[in-house]
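Next come two complexes built around chain A: one with chain B, the other with chain C.
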Partner chain A sequence: MTTSLETFKLLAPEIALVVAALVALLGAAFAGLRSGWLVALIGIAAAMGLAGGLPAAGTSIISGPITIDGFSGYIRWTVLVAGGILALVQGGDLFRSAVVRGSGLSRGGTCEEAGTFLILLAGLSLVGIANDLVLLFIGLELISVPTYILLALKRTDARGQEASLKYFFLSLVASAVFLYAATCFYGLGGSTSLAAIGDALRSSDPRLTGMAVVLLPVAVGMAMAGAAFRMAAVPMHFYAPDVYEGTSPGNAAVLSTLPKVAGIVVLARVLGLAIQPLGIAGEIGPAAQIHLSFLWHLAAILAAITMTVGNVMALVQTNLRRLLACSSIAHAGYLLVGIAVAAAAAATRAERPFDGAAAADTMWTIGLGGMSATLLYIATYVVATAGVFAALAYLGHVWPEWSSGSGPRPPREEITDVDDLNGLSSTNPVAAFSLALFLLSLAGIPPLPGFWGKLTLATAALEVDWTSPVTFGSRRAWFVALAIILVLNAAIAAAYYLRIIAAMYFRSTKKGVQADGGLAAGVGMLVCLVLVLMITVQPKRLFTPAMRAGAAASNVLTAADEPAAADEARLVHSD
Partner chain B sequence: MNGLSPANHLLLVILMPLVGAVVAWLMGSRGQQAVRQSAAFTAVATLVAAGWLVIRFLTRPAGLSALEPFAVIEVPWLVEGMFDIRLSLGLDGLSIWLFGLSALLSLTAVLVSWDAIKEKPVGFYGLLLLLEAAMLGVFAARDIILFYVFFEFTLVPLFFLIGIWGHDERRKAAVKFFVYTLAGSVLSFLGLLAIVLWHASQTGTITFDIAGLTAGLQAHPLPMTAAGGWLQWLVFLALFAGFAVKVPIVPFHTWLPLAHVEAPTGGSVDLAGVLLKIGIYGFLRFSLPMLPEASAAAAPWLVGLGVFGILYGALVALVQTDLKRLIAYSSVSHMGYIVLGLFALEPLALEGANLQLINHGLSSAGLFALVGMIYERFHTRSIANLGGIAAKAPWLTVLFMLFTFSSIGLPGLNGFVGEFMILAGSFQRAWAGVAESFFQPYLFMAVSAVVGVVLGAWYMLWAVERVFFGPSREPPRSHSTDGHGSHAHHHGAHDDVDRCDLRWHEAAALLPLAVFVVWIGIMPQAFLSPAAPAIEQSARAAREAFADRMNLPPQDHAAGSSIAATASSLPYSPSSP
Partner chain C sequence: MDAILPVLLFVVIAAAVSVGLVVFAELVGPKRHGAVKEMPYESGMDPIHDTRRRFDVRFHLVAITFLVFDVELLFLYPWAVASRSAAGIDAAVADGFVSSRGLVFMAAMVFTAFVIVGFAYDWKKGVFRWR
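And then the complex of A and B:
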């Protein structure tokens, strides 16, 4: 593992983000810079320019501790696009808690917030490209530490402090737990390089197998716990409602989207340990099989529990941000379905090596789509969720009583409950329409992006081990059951999303929604709206990169990799 | 104008309401009158275009086979990885009448809302037109995912129509309607995906084309054995979950009365007239041809549920005090006949069921529209508070009675043809089994269904008697305490009586329906024969599977059997000794 100038070139987008962060932080301290979020947007735009297009399918550049391939490129672009939207949301998040009343609004978008946010983005992007446990951990901490600062900066009342402390301590625990998993993997592989750990894990060394039986479930379980905290999945989900409630819409937007991406990457890396790299034939050893089996069982069980718990909790919420927190828990469950599918499909593939002879074989290799589905789903989820919070940040506050006349106005209140959105369709039709569209997308109503996400997830779950019959207890039966739980959860979720829509469209109100958030948040909302409509009409624009990235992450042959396999695959495509 | 190819013609029909919705939105600033006129114009234009397309379908060149899809469009939508989803549209015998019915009833829905909708007309008519596009699309879809997209998308406009312009409990009704239907249809979604995957695993080609899947699944049926994991049963149940809620088949009907009672009249017309039919259409399009063995095995149970629905709906309708709720339960009862006809798996009954889809669409839409008109005039739907309307509004009464007679199956009107064919087919099915044992459930079912006909006549005619005849009642007025004394009140009442009868837009809404009620009643063959080959093709596999299952001798029914031919052979069923 050598770090060279090449590595720095490949890291250019992340370096751009960090430089922008330094400009924002130092500029505020020494040069009186005010418009931090402008700096953030410029930095993100520069990073996008440096990132270039996605690498071609099948290519992967390994340089020192980083790997640039379809997967990390997809993660990087997701992070940059989401970062751009969230920078707008944060910039327009003129949140002022109900306790601290006074004249004027809080300053939107201070340079300190913008700088820490940029570092968070850089950390997340590093997580995506890390191929080494140490860099992976550093990336994760680069996400966590700025998050603490963001939480503490935005809201200073008791509730805000409770939220940031709660997040801080739990995050520490999660980091420690993940570190423990990392040491276990190091112990098994004798290296911090993920590739080396994977090679060791897949070998059939009997000594390793003996150790793996004990150590692997611990390592996988701990890694899962660390990822579950970031994704807000059971059993590390319970902080989410309190923290979201106790912070501003802009921060809630960050919390509900970016850490989830990090959790997905961690799980994808853990899964990747047991999958043979491209071009290497041969069976995987017993340790790797234990690894896969444990991973998919765990992910499937947690997915089922997380979806159900999140949705059932959300049904009874009246506070808007708590409700969205529960919904984000539920979506973590959907994402875990994809991880479980990917692991189970890898296990199936390990049992039956691909030879491309039978038609069913070809299909079943193409169909190793759990990871692709997860990556597609996270993109649709991020766009819709960021849109919801952008709209909330843009709407800002409500007056308890609507008064259009002159005279002293009653003090503003923050938008807390679903009821505060009553009658939004008449007071602010554009925001109401956008919110309704985002919520319907989250509910998975066709043909909105959320539907395409659920379509891929359900298809991926149904095609696990699909050449064998559905007998009780078989792997296939597990995933058929998981698919059923998934779609029923989607129906439960519709009930509370519709409750918000019903408040906006079916009720009238005396309260006046003020729309006193910054214009930037409104722009962020419109950007999300455009993205949602674009994916609705042309889902292929998202499907192509997601499929490629998923294939790269799970080392599946894709059309471009091997001519023989490509012919088979094209046969399937064209009919 | 034959330069317009059928495919473009179909696309035009589906896009017209969408364009109309945008136009209605642009008219928003010019007030209610402009909006509703533009909506009515769009609905008329769409109806004319759709009607013309139906005529082109009926008069297509003789060279085309009766089963060939008409006006096929295919544009790739999402071709990536294992997905091959196409914007694929076309019409065939199964869908042609429902397609036309959607266009017809959408015009009715616009016209009956003429005076009733005063608030936010832009949103209302826009959503109504959006709903029309979705309904037209669901019947024209030839791609399984596209079908599902339209199938689900019909929920969204209706959710808003009920929730914004509905009555007192509209919010609860809207959410219940949406969530209940969604819960069923997401399971159907899994079933549809499983069909695609099974087809791919057996043939090695991925297709989402409904016709291709049907052919593939008939060649490689899903396993019905324990070794195959009862896969066909699982898929059948998954599809059943969505379609049964949509129909609704009785234990799954609880959303329907609430949604109907709370919906605005225009929404009720579309809901009863078209949306309920999508469930039956789904059975005909997917369950019967793709899962014949499971359909055949489930048929006796579904016949039982259908007959239970007939009797249950009728008995509950009998005790209703709210006229709209009564019509809603009569819908439940009538959909029971259609389920019975479908799963009797006799050609005669199947054709009757398909015709009855249209009949029920016409009569229930007409009845809901008329109940809405009564509500507009008297501000009540309570049967006890209504009376003697015949004297005040003779034309309204005449039309109500026409649709009532259609609904209860008076000979000469359309309802009679459909019900008679369903019952005759059920008795054929019953007689086919008599040879084996004297008492057999089908006979019991068929006789019970006939009892349902009697009950249907009872509750409908009784309601007509109470509402339209008898002493004239002044319903309690919603604005009687206006403080202007009894004279003003009296004067107001007179006003109401003076303009009590049908207005032009109400007549225009109902007359086309009335024309078809009579037309189908007199010339049913014209409506039966275009659909017959498609129905026969769709149900043949299930019927043969059923015959295998019951060890019945093979029956050889000619496709497109005429009523006269089959009905004359009724007492001597081909298989009776």
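And then the complex of A and C:
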């Protein structure tokens, strides 16, 4: 483990994001820069260019505290694409303010928002490549702290204040809880490096096993709690409706997508501790088996509760953003199914190690596997959710000036209730069609992306331990039950998504929709529409990277058509 | 035992000093009682009031500016000590944790630059003008 100049070269996309953030922040202070979101888009584009120049997926590089492999590459690209869309949504009036100077359309404070948002993106990208507890925690804080600022900048009334404070305090508690998990893992592994902790955990040292029986459930439970807050999963879900309702659509879009990715990465890293690296034979020790068993039981139970709670809560909501918050809770549950499946599959593999052709039927499954299914699902979820919020931002109104000036604030004219969308199909057919498509994708209607996500999750759950009989309490029975709960929940979810679509297409209204949220938000909506249609037409283009990424995260051989199996680990040395 | 003796001694002395000071103050200090005297001390403000009260934003600005310099010192001290000590950066380079001394210097400079950016931003935004 060497920190060298090479390590910094591998971090080029994150460095580009931070430099763009500094340009936006200092430009606002020193040069009177007003169009911060334009700087943000340029920075994200530069980061994409630099990320494209890095080694392709299929290689895996460990350099100091970071790992560049299929998994981190997938997370990085998800983050950058989502970041581009969210920057468009946030900077609704970005094009007008860039062209017409001092027209009164350009809001002050956009540069501060754009700068903090870029730092958030850099933090999330760091979480994806972190191979060290300290870097992981710093990355998570680089997500949390800018989120507080973004929420606080968008407070115009008591509800906005409540949203920013509620999120601030709960997030602090969640960070502390995750830090406690990190100290437990450090205590068990004697190192902050995730690779070293994993090696210690998988060894069958009897002293460690004795300690692990006590400490591991605490550590895994705490890490799960920290991740659950970021994913808005039960039991840390209750803040979501209040916070989403109190803040702007752009911020709600950020909150419902980016922290969820971070939560998934944390859980994937925690899960990865107990999985033997590729090419190393031998069984894992009892400590790692406790780890896997506890993780999949916990994730499966939380997944079942989260899905059901989220969907049932969403059924009774009339406020659109509260409804979407509840739906995002439900989606956190679907994502947890994938984590539970990945952990249970790893436990199965550990019990019955690979021994040639006979094992081929039992272990190497036809589906994507839990981790890949989770990663596929998160990408489809992020695109559809960002699209929904982009549409809401576009149909609403440009957010008023944030600074505490003396003049009266313009009223917030937002799309708040489901009824506000009545008759949208006649007043704004493009927005209505896009919104309908995003909602159908979230509901999981074939052949939209969300369907592929749910299909892979359900098949992955059914493939866990699939040669054993379904007896009460067996691992297979757990996951058959989980798959059934998932499918039932998808049916419940369809009810409230279709209610919104029905309002847009089958009801009429007297007042028109103003669609004054800025051109950029509309462009963001169209970008999401194009992405959804692309995944619908060619799902393989998302399947292949997701499969590679999941394989890299859970060290499984896959039947991918490209030579992901021949992953060669390359250690970068100093020059 | 030898290893923890200094720690034990430290704990004992710390406890003795703090208890001693309280007892000493109780013995020789003047004793005046009253509603104001018995109020908990909170930087000269009334400690019990509505939490949604307006609050001068300069308190927060001072706190955050303090943090800029506080964090800077927190990181620069260990770096300064490590760069002069034989068991510091040189040992880390020899053990292969870091590829070169120059890299550590670069990292410290980048960190300082970040802090200076924060300082410059504060300055330009008028945090140091005590209006």
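One rule holds for everything that comes next: the second predicted complex is superposed on the first by the 508 of 575 C-alpha atoms of A that agree within 3 Å, B and C clash if a C-alpha of one lies under 4 Å from a C-alpha of the other, contacts with A are read in each partner's own complex, and residues count from 1 in each chain.
As a convention for this text, a contact is a pair of C-beta atoms (placed from the backbone, for glycine too) under 8 Å apart; a residue touches a chain by one contact, two chains touch by 3 or more.
Not measured: the values here are computed from a predicted model.
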Partner chain(s) touched by A:498 [first = chain B, second = chain C, both, neither]: first
Comparing the two partners chain B and chain C, which touches a greater set of residues in chain A: B
Touching partner for A:4 - first (chain B), second (chain C), both, neither: second
A:471 touches, of chain B and chain C: first, second, both or neither? first
Partner chain in contact with A:459 - chain B first, chain C second, else both or neither: first
Touching partner for A:372 - first (chain B), second (chain C), both, neither: first
First, second, both or neither for A:218, with chain B first and chain C second: neither
First (chain B), second (chain C), both or neither touched by A:487: first
Residues of chain A contacting chain B in one complex and chain C in the other: 575
Footprint of chain A on chain C - complex, ascending: 96-100, 103, 117, 120-121, 124-125
Residues of chain A defined as touching chain B within the complex: 359-360, 362-363, 366-367, 369, 372, 440, 445-447, 451-452, 455-456, 458-459, 462-463, 466-467, 469-471, 476-477, 480, 483-484, 487-488, 490-492, 494-495, 498-499, 502, 505-507, 539-540, 543-544, 547, 571-573, 575
Complex contact set, residues of chain B against chain A: 77-84, 145, 148-149, 152-153, 155-156, 159-160, 163-164, 170-171, 174-175, 178-179, 182-183, 186-187, 189-190, 193-194, 197, 200-201, 203-207, 223, 227-231, 234
Chain C contact footprint on chain A (complex, rising order): 1-5, 22, 25-26, 29-30, 574-575
